[in-house]
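Both complexes shown next keep chain A, but they swap its partner, so chain B is in the first and chain C is in the second.
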Partner chain A sequence: MPVPSSVLAAAAPVWDWGYALEVLPDLLRALVVTIEITLLGSALAMALGLVIAVLRRARIPVLDQVVWAFVEVVRSTPLLVQIFFLFIVAPRFGLTLSAFLVGVLALGVHYACYTSEVYRAGIDAVPRGQWEAATALSLPHSRTWTAVILPQALPRVLPALGNYVISMFKEVPLLLAIGVVEVVNAAREAGSQTFRFVEPYTIAGLLFLALSYPASMLVRRLERRVGTV
Partner chain B sequence: MPDNLPRIVAVLLDGLPSTVIAAVGGIALTIVLSFAAGLSLLARRRAVRVLARIYVEGFRGTSEVVQLFWIYFVLPVLVGLQLVPLYAGVLVLGLNHGAYGAEIVRGAVQSVPRAQYEGCTALGLSPAQRMRRVILPQAVVEMLPPFNNLCIQLLKSTAILSLITVADVTRQGVQVLIPNFGPDTELIFAVMAVVYLVLALLITAVMRVAERVAARRVGRRPTRAARGSTVTPAGAR
Partner chain C sequence: MIVFSAVEKRYDDHVVLSELDFTVSAGEHVCLIGPSGSGKTTILRLLMTLEAADGGTIHVGGECLTHMLRGGRLVPADEKHVREVRKRIGMVFQQFNLFPNMTVRGNLVEAPTRVLGLSGDEANARAVELLELVGLSEKIDAHPTRLSGGQQQRVAIARALAMRPDVLLLDEVTSALDPELVAGVLTLLRDIGERTDITILCVTHEMGFAQDFAHRVLMFDGGRVIEDAPPSKLFAQPDHQRTRDFLRAVIDRA
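Entry: the complex of A and B
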C-alpha cells in the first residue's frame, strides 16, 4: 500500500537521482530476465505457431476441431489467467516447473495462437499456381512446404511476427503475479524497501520504451522492405 | 456434476461487476481517446500532431502493467490524487488501448479516397462538415472490425486489475476460490474461461450490429428500400 503522499512530499524531493542510480542495476538485471523470457517465448511461439498453421491446413478430422477450439479459447481469455492456470495446474499433474519456465511456456503458447494466424495469412498469400506447379513436378509433400511454399510465405510474415515479439516483451511483467523477477517486479521490490516508488516505476517504464520503440521502428522499416500480410 | 459448481459460479459472478465496469468504462474511454488522438495525428498544427504522437508512442511503447502501477502507485505521490483501484484500472485500460485505437482511427480516415475530399470542396462544405458528414461515416465502417479486436484485447486486459486488488473475475477465481476449493482447480479455471468467452462473444455481437448499422448509413449494403432495385450501391462488396 502506498504511503500517504503528504508524508513523502515533505520528506524528499519528487525525483531523487541518487536513488534512481541506486535501483538501476537491479532493474537492468531484471531487464535481462525479461529479454530472456521474451526471446525464449518468441522462439516457442514462432515454432509452435508454424506447426499449428501447417497442421490446420492439413484439415485432419477431429484434430482440426480440437486445435481450432484451443486457439479460440487461448485467444479469448486473459493471458494472466493462462499464466495462473499453468502455474497452479501443472504441479497437480506432477509437473513442477519454475516460474521462469511457466512464463516462457505460457507466453510461448499464448502467442503461438496468434502467430499461427499470421502464418496462415502468409501461406494463403502464396499463389495457388505454386502448389499446382509443385504437384506437376511431383515434389513430395515435405519438399513442397520447405522448398516452395515456406520460402515465399515466411519473409512476408516477418514484420507481423516482429510486432508480436514486441507485444510479448511488454506482457512479460504479468509474470510478477507468479513471482518472476522481471522489470516491474524488481521495481516493486526496490520500492517496497524504501517506500519510494516514483523512481523505480518510472525507470521501468522508460526501459520498456527504450527497447520497444526502436524495435517497432525496425519492424516498420522491415514492413516497407518485404511488405506485409 | 461436481457439488461445488454452483458455489464456484456464484463466487466468480461476484467478480463480474468489476470486470464489466472495467471493460465498459475502458472501452468508452478508449473510443473517446482514439478519436481525439487519431484525429490529432492528422491535425494541421504541428504541435497537436507531436503531442498526439508522444501520447500514442508513449503508451504503445511501455507495458500495460507498468502503466497501471505507475498510475496507481506513482501518480498519488506526484499529484496527491489516490485513485480507487477500479478507476485507476479504467483509466489505464482507456489510455493504453486509446493509443492503439488512435492508429486505427488515423488509418481509417486516411483510407477514405481523396475524391471524397474533392467532392466536399466542390459542394462547398466546411472542413468540420466534411469530417462529420462525409469522411468519418465512411471511416467508421473501416474502423469497426479492428475496434472489435481492440475491445476484446481490452476485455482480456481487465484481468490485470486483479494485480491492484480489484475483485474482478480473475481475482475471485485465483485468490478466493482456488485456496478454498483446491480439488476443483481445473473446474474453476474452466468456468473462468467460459465467463471471459461469453463476454468476448457479447462484444463481438454488439460490434457486428454496429458494423451493419454503420455500413448501411453509408449505403455499403442494400437497405430494405434498395434491396429490390437492380442498381448495385457504390462500394458494395
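Entry: the complex of A and C
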C-alpha cells in the first residue's frame, strides 16, 4: 500500500543538511580516488591510443591485423565485461592486481581503442604533401613523425581527447562492481548504513556535475581555438 | 646523371609510363612538357622515390634507385638503399609543402641537421645564406603560413637547396601562384641555374621560361618521350604534329 507522501515528509525531511555534511568527507575522499583513476586511465589511454594509431598507420603485416582485431573486440564489448575480465581472469594467469589498478588498466585500454581512432583522424588530416616533403628531404621515419606529422595532428585532436577524459571520469563508477571506493560506491555505502540515500546520491551527482561541466566548457573553448578534425 | 631505361609505371591496370628511356647529363637543365596526365609528375615522383617503378631501372649519379646488388644479384631496392640514393635528390612541389609547424628557419635547418649531420651553427649559416639568395632574409623567423605563395615557394626552393642536392626536381612550381608572383620565382630559378651546377629536371607550362632556361626540352605524350630537342629547335620547328598541337593549345591558353 502506498504511503502518503505527507506521512514520509513528516517522518523525516526530504533533505537533511546535517546528514549531508556528515557524508560529504567520505564522498570527497572517494572523489579523489575517482580523479586519480581518471587521470591515470587517461594518461594510459592517450599514450596507448597514440601507439595504436601509429602502428596501424605503419601497416606492419600481422601486427596490424592483431592490433585491429584487439581494437574491434574492445570496442564491441561492454566496458563492464572488460573490467570483470581483468579482475577475475587476470589472476588466473598469475597477475593479481588491486581493484584500483584493474580500474586504471581497464579504463585506459578501453579508451585507448577510442582515442586511437581520434589520433588516426588527426594523422589522416595532415596533408599527404607533408609526408612527401619529409621524404624528399630524406628525413628518417621517426623524425617525420615527431617533427612534422604529430605536431600538426595533435593540437587538432586535443578537444576530442578532452571529451574522452570527461567520459571516462563519468564511467569510473562502473568500478564499484569490483569494489573500488569511488564516489557512487561511497554514496551507496553511506546510504546503506543509514537507509537514507537521497543526500549521498545527490551529492555524488553534484560532484560529477561540478567537475564535468566546467571541463566540457574548457574543451569547447579549446575546440574554438584549434578547430576540430 | 639521370638514366631511365625501359621504365614502366602502372596504377592498377592504367599504364602511365611504358618502356620509358631518357637520360639527363650532369649539370643539364631539362624541361618536361606535355599534356595533362601524360606522366610528367610521375617521372619526378619516381626519381624522388615517392613512387616505385613497376619495371625497368632508374640510375641517378651512377647509383641505381630501383635495384641493388645483394649476393651478386640485382634485387629490388629496399628502404635503406633508397634512402641513401635519395639524399642526392631534392624536390620542389607545386603546393610548396612547407612544414607549417616550424618557422622558415626550422624548415631550412631540419634536414641538414637531422640527415646530413650538420651542426646547428652550420645549418643556420646555410639557411641565412640561402634566404639571402631567395631574397627573404627578413622572414627567417616568420611562420610559413604568414607568407605569400611566392614567398613560400622561395622558401621551399631554399629548403631543397639546403641539402646540396646533385639533382633538383621542380614540378610546376609556379602553377599554384598568383600571376604577378610567377615572374619572381622564375627569375630566381634562372639565377640558381646560372650560379650552380645542379642538374635540374623541371616540369613546366611556362614555355617562355623553358625556352631560355632549358638546355633540352622533352615533349611527353602517352607516357613516352615523343620529341627531345633543344628549346630553340623544339619551339620553332617541332618534328611532330602532336607537339605542334600541344604548343598551339598552350599558347592559346596564355
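We take it that the second predicted complex is superposed on the first by the 219 of 229 C-alpha atoms of A that agree within 3 Å, B and C clash if a C-alpha of one lies under 4 Å from a C-alpha of the other, contacts with A are read in each partner's own complex, and residues count from 1 in each chain.
We take it that a contact is a pair of C-beta atoms (placed from the backbone, for glycine too) under 8 Å apart; a residue touches a chain by one contact, two chains touch by 3 or more.
Predicted model only: the values in this text are computed from it and were never measured.
Contact with chain C, but none with chain B, is seen for A:Q130 once the two complexes are overlaid on the shared chain.
With both structures placed on the common chain, the touch criterion links A:T194 to neither chain B nor chain C. In the superposed pair of complexes, A:V14 makes contact with chain B only, with no contact to chain C.
Touching more residues of chain A than its counterpart among chain B and chain C is B. In the overlay built on the shared chain, the residue A:I88 is in contact with chain B alone; chain C does not reach it.
Once the two complexes are overlaid on the shared chain, A:Y213 sits against chain B while remaining clear of chain C. Once the two complexes are overlaid on the shared chain, A:L174 sits against chain B while remaining clear of chain C. By the touch criterion stated above, A:P140 is placed in contact with chain C alone, chain B being left untouched. Shared contact residues on chain A (touching chain B in one structure, chain C in the other): none found.
Residue ranges on chain B touching chain A, taken from their complex, read 57-58, 60-67, 69-70, 72-74, 76-78, 80, 82, 152, 156-160, 162-163, 170, 173-174, 178, 185-186, 189, 192-193, 196-197, 200. Listed in rising order, the residues of chain A touching chain B in the complex are 2, 5-6, 8-9, 14, 73, 76-81, 84-85, 88-89, 92, 170-174, 176-177, 183-184, 187-188, 191, 197-198, 201-202, 204-205, 208-209, 212-213, 216.
Interface residues of chain A facing chain C in the complex, by the touch rule stated above, are 127, 129-130, 132-140, 143, 147-148, 151-152. Partner chain A is touched in their complex by these residues of chain C: 48-50, 83, 86-87, 89-91, 93, 95, 97-102, 110-111, 114-115, 159-160, 163.
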